[in-house]
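Below you'll find the structure I mean.
All chains are identified by letter, namely A, B, C, D and E, in their written order; residue positions are counted from 1 within each chain.
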Amino acid sequence: MNQPRSDAASAQAPAPHTADVVMSASGLVKRYGNVVAISESDFEIHAGEVLAVVGDNGAGKSSLIKALTGALVPDAGTIELDGRQIHFHGPRDARAAGIETVYQTLAVAPQMDIATNLFLGRPLRREGFLGSGLRMLDHKKMRTQAAEQLDRLGIATIQDITQLVGTLSGGQRQAVAVARAAMFGTRLIIMDEPTAALGVRESRQVLDLITRIRDRGVPVVLISHDMPQVFEIADRIHVHRLGRRVAVVSPRTCTMTEVVGLMTGALQMGADGTLLESTTQHMPDEKATSHRPPESPE
Amino acid sequence: MNQPRSDAASAQAPAPHTADVVMSASGLVKRYGNVVAISESDFEIHAGEVLAVVGDNGAGKSSLIKALTGALVPDAGTIELDGRQIHFHGPRDARAAGIETVYQTLAVAPQMDIATNLFLGRPLRREGFLGSGLRMLDHKKMRTQAAEQLDRLGIATIQDITQLVGTLSGGQRQAVAVARAAMFGTRLIIMDEPTAALGVRESRQVLDLITRIRDRGVPVVLISHDMPQVFEIADRIHVHRLGRRVAVVSPRTCTMTEVVGLMTGALQMGADGTLLESTTQHMPDEKATSHRPPESPE
Amino acid sequence: TSTKSGGSDSSAASGGKVSIGLVTKTNSNPYFVKLRESAQTEADAKGAKLIALAGKFDGDNQGQVDAINNLVTQGVKGILITPSNSTGVLGAIKAARDKGILVIALDTATDPASAVDATFATDNEAAGVKQGKYVKAALGSKKPAVVLLDGTPGSTVDDLRHKGFLEGFGLKSGSAEIKGTAVTNGDQTKAQTAMENLYQRDHGINAVYTINEPAAAGAAQALSGKTGVVIGSIDGSCTGVGNVKSGKFAATVMQFPKKMAQDGVDAVVDYAKTNKKPSGFIDTGSQLITDKPVAGLDSKDTAWGLKNCWG
Amino acid sequence: MTTTHTSPATPEAPATRPPAKSLLARLVGNAAAGPLAALVIAVIVFALTTDTFFNIDNGSLIVEQFLVVGTLALGQTLIILTAGIDLANAAIMVLGTLVIAKLGQHSLPGGLALLVGVLLCTAIGAVSGTLVTRLRLPPFIVTLGVLSVLTATGQLFANGESFGVSSGVLTFLGKRSYLFGQIEVTNGMGVAIVLIVGLWFLLTQTSWGRNVYAVGDDEEAARLTGINTRRTLLSVYVLAGFVYGIAAWQALGRIPNADPNAFQTGNLDSITAVVIGGTSLFGGRGGIPGTVLGALVVTVLTNGLTQAGIDSLYQQVATGILVIVAVAVDRVVRRRAA
Amino acid sequence: MTTTHTSPATPEAPATRPPAKSLLARLVGNAAAGPLAALVIAVIVFALTTDTFFNIDNGSLIVEQFLVVGTLALGQTLIILTAGIDLANAAIMVLGTLVIAKLGQHSLPGGLALLVGVLLCTAIGAVSGTLVTRLRLPPFIVTLGVLSVLTATGQLFANGESFGVSSGVLTFLGKRSYLFGQIEVTNGMGVAIVLIVGLWFLLTQTSWGRNVYAVGDDEEAARLTGINTRRTLLSVYVLAGFVYGIAAWQALGRIPNADPNAFQTGNLDSITAVVIGGTSLFGGRGGIPGTVLGALVVTVLTNGLTQAGIDSLYQQVATGILVIVAVAVDRVVRRRAA
């Protein structure tokens, strides 16, 4: 896949001033044994935009954002925040920098209740000496705020706010993770398939929420498989394929079919930002039996 | 919500002969402490149909199908399979009856590889004495079949078929669960949001798969939040709300807006199968503060 | 019966029958099992009630203290105790004695001895000396190469026997003749493994001290087929004497737990009747048992041993 | 997606409000209802079957007997809540008693000896914690290794002796006084109460405590939410080490004599108390009140069975069965409560 | 969803095919690479530092010393693979030896006594398994209770005695012979090999084994896929009980004398072997080869340290450290392999 680096390709998408870049990465690599999850990928998000990241299953989208938030340490590559190179040693560092993330696995503690999960690692303390001196938590306030926050997401079917998160329905659990990120993100919010388990109404609320967040000036990275959703809300679309960014396109100048073509490799983006039918759909080093088992038994 | 039992409502959907009923349930109830997950719900699926089950998050869809497959024991209600009342003591009994399920939580063993997960509890033995006498597994055959099966689902990005399922991407993992159900279901296949984590292409493959299964004569229950998908593939739509079935409609005679209205309670189905604007959108015993925390601190 | 503290009017607690508490180091050591059985037999004979408790392991001071406390609450007249440590349980003993309960140390003395009313025990150091002298003499002119299979370091009895053996043998801790020591906890399996490994290291070993007969049996098993190693032991159980008889090890030093137990129970029963307390250290004696006597050491043969062994 | 539905987020759930929790349930938490039931049943049975069990003196005695293993179990609770296990806790404590007693005997004033001992226990906790967090070794293996090392070290240190203590500070926790002229209490009980309340406060009322539960519940989720899981784990081991240091002080209060062979079953005993107390060995569920009740259940069993005149071998049989029964009761009660 | 895309499922992954696994890795599995490395290192160190370690006789001795705890560890592996733990295994075995020896001494022919003893052990396993599966009690508590009951029962049964055995069948496993006139082997080694291969076969080559791993990995997932989790768990405890019965036979082969006090640390020792062998205490990962290597590591340490002239207290210190190091090596090796 003898393809120009995709920075050139991003000419296709409206190119804002580089001064606007909030977070960027280049040359990221992550291998697990023989599996290549990220393969020299680049990334860029600008101030005040919603950037959608799309790609096939296993393309490496989740791995990419994990690398950006310090949840995994890339084997190679650099990451910059506000133009300065950073090294996150863990998700904690990213959080300290104001980056909140909804991980695809949700990262909730199943045996703890909703309020506790919402405020995990971000406690509300009591006022006065009890809070500052004794560092006591304000359980009541956390519960109230948790209930409000879920109301706002339209998750109306939670019958008992003290329910353990492990007993929630799939969608309810996802809403908890989304609510958490929305409450605390100040610099950048990253959401990995935040509406996958959500119902029609709840998905709508999350999309509205994302718009509100953007309007508040906080950029949002949205990973999604739902193309109509992506085209409705995204300012730019980052297309990921086989572990790397293959194109950045604008939803205004590009059709869904084209984006899907890029995702699957049926289309390629030329150096000048134009889309071409892919002639070499198969990679040179590819073997037809790639995911057949090795011949040897056990 | 003084509403007639929904059996009457199902007049709206084309009513096939009752002889065709493959599985049905009536009056199912499941409570968890104060939480009511299933509240006197009914259910019916007919031979050779794709029945979509839709509803808000937390409406009780997953609980309903868990009750049908023996994964949870309902507090009340009866279930019939082919007209005879049954009592499943566990998912094992359902499986023995030819019912396969994709649970929302996927039910995969994270530390085992893909092939092992596909054949969990359904081993392939070697041929000859090694298999029948020593009961030896045929690891090689299981791996080959697993690879084929995933190919068929279009999950092309799995780089190493011996990867542990816990290390797969969200969509890849879901594909494993779908492939398993598709391989073994003979009487009825139930899928709880099988495409939630799947990409565009992979979702399409699963829809095709569902069609093929139906054409094979095996009915399919599909839980999904994706309305276009539901309207494309379902023969009938079971609308679930607040723990019970509130309507069964046909996608041919009903619009998406109407279905969403039923889901959210904005519409109600009258006894004659007509849809009415809901006058009593709030339930009589409802309290505005329902999911606020109890006043008492900790 | 009073629902108030049972300790102060103890005789009332079990309906006229004198109740006696017995607290051994463990339940598991056959030696203490026999001690307990003998005490039980004697108590039955005297119409007294025996409550037998024990620590969970050698050195379980806390368990013994709890046992004493519970016996005091239960309202016993006297307590017979084999303290796991000569100083560990003194506080509880004092509390018991303060409530008028007779406390007798069996088998192991306390430090100071006056902490209890009386002590009925083997002089373990003397027993160790007997073992040491015998093993040394049995070696004859051979240059000694000794292995010491200890029980649990820090336990009073262990220390006394170990010290006695070295004294009787004429060694000091750290002497060049000592080729190795091992902690066996008096367990046959551990002793066997330790002995196997020590022998593998030095095939010249010719003398073995053991803390008790199970350890000696383990050593013998490890050395089976190898001749010329003298194994000594202490205890005097019937199994042990049998092993001496069959030549598995050379000698053992017999103790007399039956006597301790009987005397102890009798003393409490007496005390209940007459309010008279025994006092001082009463040595119940020890006896070297071997079929290969050596000159200058008093010993009995295994026939005598089998008649007088304790279980 | 042609349907946009913007009905306001009016709460529509069938609102069965949870019934107000009983004061008791609030105090001990749901997890502790089981051991509480087991304790109450045991007390009632022994009160009915023996004359000597149910009185103030025996009550005091039971609490005294509870102190050392109970304190060990408090530290153990912290570690088990993080899905760990501490096989070395009793060995740490015993080494603590040895060091305190030896220093107190000869060289240092009692208070200073105590301080050194407690700091030593804390430091050993820090070592275990470092091995668990830095090398990512299973706590079972780390503490097994530490157990082996410390047991031998204790014996080498003591060199076959045991050390008596007499200083006021070192035996301070064993000192008795009488409440209302009736109830015998020791200073150790006061310290235990302070420790229990303090740990309960830390675990339930501070964000540190929340982090501990989160790490035990799902370490990866905790890490992803930005909790410093390493520091949390390390602090748990350090605090547990400190608690074992206090247990050493309690042990000297109860038996003014430091013996390298003591408390060989203290690790299993404390784990038993924790598990009976409803804390899950897989982490994230349970807490201090349950552990206190669990430790009391075990103490009451031994005490009550002795009062009932049962010999220790039969006691051991009975205890084995009753431990299983106690946890079974816990299961039933919790299923009811759910 | 306007876009339908039907490009055929041509495999497009960047196909870096996994390099062929080495024969060794295939034999022992990845999980066992760590303990194997630890074992090899230990053997090399002792071979270099002592004169008496590296020879055939000592090799035989090590294998003999490995047999009993090794066999216990095999049963323990089964249970730990299901995320359980067995604290009672040594107690079950000891009761087995007592029953076999007592029956064999007096009433029954050796073979029959053996059969009764092994069946008893199996039955006790069945009881533990029933408590775990029916009452859903934590295995830790069930086996702790069983431990307590059996230890006391053994002592009541033996009543302070120990029973020697002499019958041919009962000591059959201790009988020696020489391979190639050089290598001392016992019948017990043969039985151990049969057991190891048999259990390995069951765990890796049959669907029963897959079910065991699945239950340990995620019991709920296993249940949902239709695995009879209860029967699987129960069968694991029963089979483990049987293995402990064989361990009893091995123990009599090594020491023809059944003693209620023997093997008090057998439970911890066997767990140690299993964990060093790379089996996760949280279930679902590990296996028989690792356990065999783990048990050998521990045996080699004790044996080698003795050869190196280190006294038992210092040995204990060294063993503690080396157990930690062995598992740390395992971690490093496994991370490399991944």
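By definition in this document, contacts are C-beta pairs under 8 Å (C-beta built on N, C-alpha and C of every residue); 3 or more make two chains touch, one makes a residue touch a chain.
Protein identities per chain, from UniProt: A, B = Fructose transport system ATP-binding protein; D, E = Fructose transport system permease protein.
Bear in mind the structure is a predicted one, so any value in this text is a computation, not a measurement.
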Most remote chain, CA-based centroid, reference being subunit B: C
Leader among chain pairs (count of C-beta contacts): A-B
Remotest chain, subunit E as reference, centres from CA atoms: A
Computed distance of Cα centres, subunit C from subunit B, in Å: 71
Distance from subunit D to subunit C - Cα centre to Cα centre, in angstrom: 35
Chain centre separation in whole Å, for subunit B relative to subunit A (CA means): 28
Inter-chain centre distance, subunit B versus subunit D - centres from mean C-alpha coordinates, in Å: 45
Residues of subunit B touching at least two other chains: 32-36, 58, 105, 151, 155-160, 162, 200-201, 226-228, 242, 260, 264, 290-291, 294, 298
Touching two or more other chains - residues of subunit D: 1, 3, 5, 7, 10-16, 18, 155, 313, 316
Two or more partner chains touched - positions in subunit C: 27, 153
Complex contact set, residues of subunit B against subunit E: 71, 90-92, 94-96, 101, 103, 105-112, 116, 119-123, 125, 134-137, 151-160, 162, 180, 200-201, 204-205, 226, 228-229
Residue ranges of subunit E touching subunit B (in the complex, touch as defined): 1, 3-7, 9-16, 18, 201, 205-208, 210-211, 213-214, 217-218, 220-228, 284-285
Touching residues on subunit E, where the partner in the complex is subunit C: 50, 52, 57-58, 61, 65, 68, 151-152, 155, 159-162, 164, 251, 254-257, 259-264, 302-303, 306-307, 309, 311-313, 316
Of all residues in subunit A, those that touch subunit B in their complex: 32-36, 55-59, 62-63, 104-105, 115, 139-140, 143-144, 147, 150-151, 155-163, 167-172, 175, 193, 196-203, 225-227, 242, 260, 263-264, 290-294, 297-298
Complex interface listing, subunit E residues touching subunit D: 87, 131, 135-138, 140-142, 144-153, 155-156, 268, 271-272, 275-276, 280-282, 313-317, 319-321, 323-324, 327-328, 331
